[in-house]
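First chain A sits with chain B, and in the next complex the same chain sits with chain C.
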Partner chain A sequence: MAFALPTETYAGKVYEVTIGTDKTATFGGENVLPFHNFEGTIPHKPLIAYEIQDVPPEDWPETLRKVYEGKSADPVTWAKHCQDDLKAEAIALRLIGTHPDRENRSAEEAAKTVSDVLAAINVPLIILGSNNPDKDSQVLVAASEAAKGRNCIIGKAQESNHKTIVAAAMANNHKLVAMSELDINLSKQLNILITQMGFDKERIITDPMCSALGYGIEYSYSVMERIRLAALTQNDVIMQPPMMGDIGFYVWKVKEAQASESDLPQWGNLEQRAIGWEAATAAALLLSGAELLIMRHPEAVKTINSFIEELI
Partner chain B sequence: MALSGVEIFKLLPKTNCKKCGHPTCLAFAMKLAQRQVSLDLCPDVSEEAKQKLGEASAPPIRPVSIGSGDRLIKMGEETVLFRHEKKFINPCAFAVEIKDTQSHEEIESITQEVIDSEIERVGQRLRIDAIFVSNASGDGAKLQEAVNIVLKKAPQVPLIIHTEDPTSAEGAAKIAKDNRPLLFGANEANAEAMAKVAKDLKIPLGVNAKGLEALSALTDKIKSLGVEDMVIDSGARTAKEILADNTCIRRAAIKKGIKALGYPIITFAQRSDAMLETMIASLGVAKYSSIVVLSSVQKWKSLVLFTLRQNIYTDPQVPMQVEQKIYKVGEPGQDAPLMITTNFSLTYFIVTGEIENSKVPARLAVMDSEGLSVLTAWAAGKFTASKIAAFIQESGIENEISNKELIIPGYVAILSGAIEDKLPGWKITVGPREANAIPTFLKTR
Partner chain C sequence: MLIIGEKLSIIAKRVREAMMKKDKGPIQEIAIRQWKEGSGMIDANIGPAEDGGEELMQWMVTTIQEVVPLPVCLDTTNFKAIEAGLKVHNNTWGRALINSTSNDPERFPILELGAKYNAQVIGLTVGKGGLPADAEERAAIAAEIMARAMEYGLPLEDLYLDPLVLQIATSQDHALKVIEAIKMFQEMNDPPMKTVVGLSNISNGCPKHIRPILNKYYFIMLMNAGLTSAIADAHEMAEAIREKPLVDAVIEGKTIEDAQKMREIKKTLEVIMGSTLFAHSYLEM
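On to the complex of A and B.
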């Protein structure tokens, strides 16, 4: 009996999303499970955005901070460094300094930072709040306006604050990150709420919530796989936006990315361990369905780029 | 592939004699299809039917093991493609390569690294599981020598012996045979001779052919030569090939019931770039490899890979949990602090680790919350003031300590008043939110 390769065809397809205006970047668009090029088409590689923030990265661990030393005192210099020296294809600006428990910067200050960064770069920008739902609903509105016409991604809209953020993304023509908490039904419900406001489902990026290797990644992994299966095999149109993995933010706070080798000799070299932690977290989420990754360490990005090259 | 009730029925005697305890043969067939009864209950079933049904009820991926004793590596037996459907069963093994061209000292030192690779994480002992000895020299005597060095230093570590030359294979595998090594290197050209070695020594055989069609033809051939325990390699070496072949192999075995591909997979991840090697190995862990061969032992790399394997292979329905009880960290005296947390393994191990770091002996009351983390358990109503109070009261800890003070996690500070109400005479103290603040907290109290 001739051997037939057990390939499958899928009913659905992931939406293709293009961001930016000058230099643009496109991700999504595939009609198969992650990297299944043997049974379908994958028009675009996953996109990696370098994360920067509105305040100096004093809260980042030393291993990571030193990479950006002299480049990260202000967000404009930092963004230009990522674009020009690190060849970032996109930049994610996290307005962490607006968090009430942090510097508590105002929405106006945040908007100014966004304008300044946008004036300095031509690659696409992803604008992230501080994950404080109340504050984000002011900050992201102001940031959206400041970025009008630049086709950015704004996020994250959560169930509790989505109304204002969705309205702002819609009014200023941006894409939107919709974040729910590790539950396929919650994710679907949030996408429905957003589209009921008149926002195109083709402009959403789903963030089913990231977790770091060793700290719940199996939940993120399986939720992503389930969302993607629903999108492709059941052709569930509300589950077809591309997915995002907010890798660096979750990875660089875990102990494995910080503890020194002298404290924990059995864990080996800190620098490689931390970079490996970020890269392996990214790899796992790529394999479960993420098309957009927010990452921090250039070496981890480099590794993931080589990994993607080999997979495509 | 599993047979349906009707298909099974066709193989039964169809006399409805009821000797199996079922009213009809069809009723019995239905139970068989659901794997609720065993075929032995029917005394009249034919030999032919027995064989067919036996084959059909065998797991889609054959269980194969290498090594022995408490380092035995079990592989295969998987039943699903996605981990949310059902727990992945036998965690992928990591093997490190030793070349027989390496010096005696190098071979010894890598073997030592394998022995030392064991670490504990979230209550599990994790390690580099096996050593892959390859016949890079092409010389049978050299291969034997390398195997001997490894065996002498680490007789308990499972071995994979790699050579395509049947004579060298026999020589090397013979010395290691009590340890049930995997003999890797059967291909289209040497199949008969390699199968004979594996069969005579009763050891599993690693089979390599380029592509799935050739591979399935080859496993069929080797099976007909009397070797059943195989580990397969489709020749996939790039990430793209590994993902495609492993996925198709797993699908073919599970969804199409193709027995010729129903074997554990071995994946070669060796790269000159250690970071990239870690990614290729991660791909193997996530996507269906049963053995991943690495080029070296590096502690950081091991930790990354062990952790990923542990995460991918946890039960998606039941979080890893620890027993409910009051644990002692260090040697707490009567006045040592008492802290409380939930029984999610990760939470327990992080918190205990930080208490250890503080060097302050303490008691940690771990409450059964069905394996949920502190906040998840709180949100799910499993870590409430009344449950905490009842647990503390029933534990009898009151009689072992001098001051009735309970330290609760910072994230559930909101519970402190309610617990105080329900535990008369107790003082409730709110600890830090994150565990990494526990050492400072305990030391400065």
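On to the complex of A and C.
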């Protein structure tokens, strides 16, 4: 008797999300667990967005900063470099300079940056605030208006500030990142609150919060895996938006991505180690269900792209 | 079903203030109300009570039993306070219940107290190492506690096994595991072991308006699993008993007349059974 591969069938399906207007990108849409293409259909590969920011990356470690040397002094040049030279399929602009403890740039300045970047690129743009809930509720509203009609992703809306950000995303026809802090029940609750405002659940991207390898990744992995299982096996419509992993932001601040080889010779070459750290974190979250990754180092992105090619 | 009235707890501000001031009024008022609502025992939770615990527990026991013909559940981690409470407990109204021992060796002497004062003891199925992972682990710990009870001379009929109810908002999968544990505990002896839960912990951390709903329907599911007693709000439990036929009908897959109630019961059973992911607004979905 011939061997029949045992397969699962799932009740639910992840929403398909398309972003951008000129060149678009689509992710999600699968009705199976990550890379289980032998059990169903995975119409789109996970999307990787290159992260840039509104201020020069002086806070990024040297290993990473030097990759963008001469390209990252202003966000427009940086965005064009990612799109034209690195062939980015999407760009994530983090408005970190608006944080009150940083440059404290105003919402108007942030909106100007968004307009300038959008004028220079034709790939989809993801617009992220500084994760300061109060400031984000001003900055992301202005940024959202500046990006009107470009079908961007705006984020991150958190429980404390979701009302203004949801309203802005709704008014300007964007997609929205909903971020909760590593708690599956609070993640569902935030998605409910957002949909109760009249925002379509099919336009949400869930961010259950990323953690770097060695710094709690098992929590991120477990929450994401359980969200995906709820979406697929329980057909939980609130948990069916695609998920995002904000990889670079969490990876490049950990010790393993920064400590020099002279300080810790047993840890080996810093550059390889740091790239590996970003790639390993990204790979783990892809396997737990992420469909959208925000990443920083081109070599790590390359590694993950070939990882996806192998598995899909 | 024995309801152990939960309202006299140091966590409640009004009760705490009355305990501090040794003001009998509020304590007795609450005790009487719980008795009238159907409690068969009154829980006296004085917390860790490191200072003056002995005196406080004695005051609580006598204050309660002055006005209510019921036994008292002595709820504290302070060993000496428990013994002091047992010394003044009036057994005319029934035997005291000690809350609690566990599989932590430091808590074993509690069993000795139970045997010495002819009191009953709650055995919380946790060890020193943290929370039990599933029903099987709870049963394994229960077996340890039972062996220990026999060793210390406490009859198994006087031991109530408590599977430890966890919050549904943070540990949803344990809601069902506790129900399974209640079933398993009964199998562990003949006559079946008695069981108890701290019921309202299931809804701890949930929005106020859904707490009674979760408490009541969870109680009914535990009752159906054979639960013997619960530390709970007697008023809420009386309501639960009245609503039990409706809940049982929904469990059997029948349609009940009140559509709103039907939705409420169905959605709540689904989160308890773990077939829908819990969120604070689960009833609104």
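Just so it is clear, the second predicted complex is superposed on the first by the 308 of 312 C-alpha atoms of A that agree within 3 Å, B and C clash if a C-alpha of one lies under 4 Å from a C-alpha of the other, contacts with A are read in each partner's own complex, and residues count from 1 in each chain.
Definition applied: a residue touches a chain if its C-beta (ideal position, glycine included) is under 8 Å from a C-beta of that chain, and two chains touch if they have at least 3 such contacts.
Everything quoted here is computed from the prediction, not taken from an experiment.
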Mind checking chain B and chain C on superposed chain A, clash or fit?
fit
In the overlay, answer first, second, both or neither for which of chain B and chain C A:E310 touches.
first
Would you please give the vertex angle at the Cα centre of chain A, with arms pointing to the Cα centres of chain B and chain C, as a multiple of 10°?
60
Quick one: is A:H99 in contact with chain B, with chain C, with both, or with neither? Answer first, second, both or neither.
neither
Output check: A:R296 vs chain B and chain C. Expected answer is one of first, second, both, neither. What do you get?
neither
Chain A: partner with more touched residues, chain B or chain C
B
Chain B versus chain C as contact partner of A:Q234, first or second or both or neither
second
State whether A:H44 touches chain B only (first), chain C only (second), both chains, or neither.
neither
After lining up the shared chain so the two structures overlap, which partner does A:Q189 touch, if you call chain B first and chain C second: first, second, both or neither?
second
Just how close are chain B and chain C at their nearest CA atoms in the overlay, in Å?
7
Chain C-contacting residues of chain A that also contact chain B
226
Contact residues on chain C for chain A in the complex?
169-170, 172, 275-281, 284-285
Chain A - residues contacting chain C, complex
183-186, 188-189, 192-193, 196, 226, 230, 234, 236, 238-239
Quick check on the complex: what are the chain B residues that touch chain A?
82-84, 119, 121, 212-213, 216-217, 238-240, 243-244, 247-248, 251-252, 255-256, 258, 273-276, 278-280, 282-283, 286-287, 298-305, 307-308, 310-312, 314, 316, 346, 350, 436
Touching chain B in the complex: which residues of chain A?
2-3, 5-8, 35-38, 213-218, 221-222, 225-226, 229, 255-256, 265-270, 272-273, 275-277, 279-280, 283-284, 287-288, 299, 303-304, 306-307, 310-312
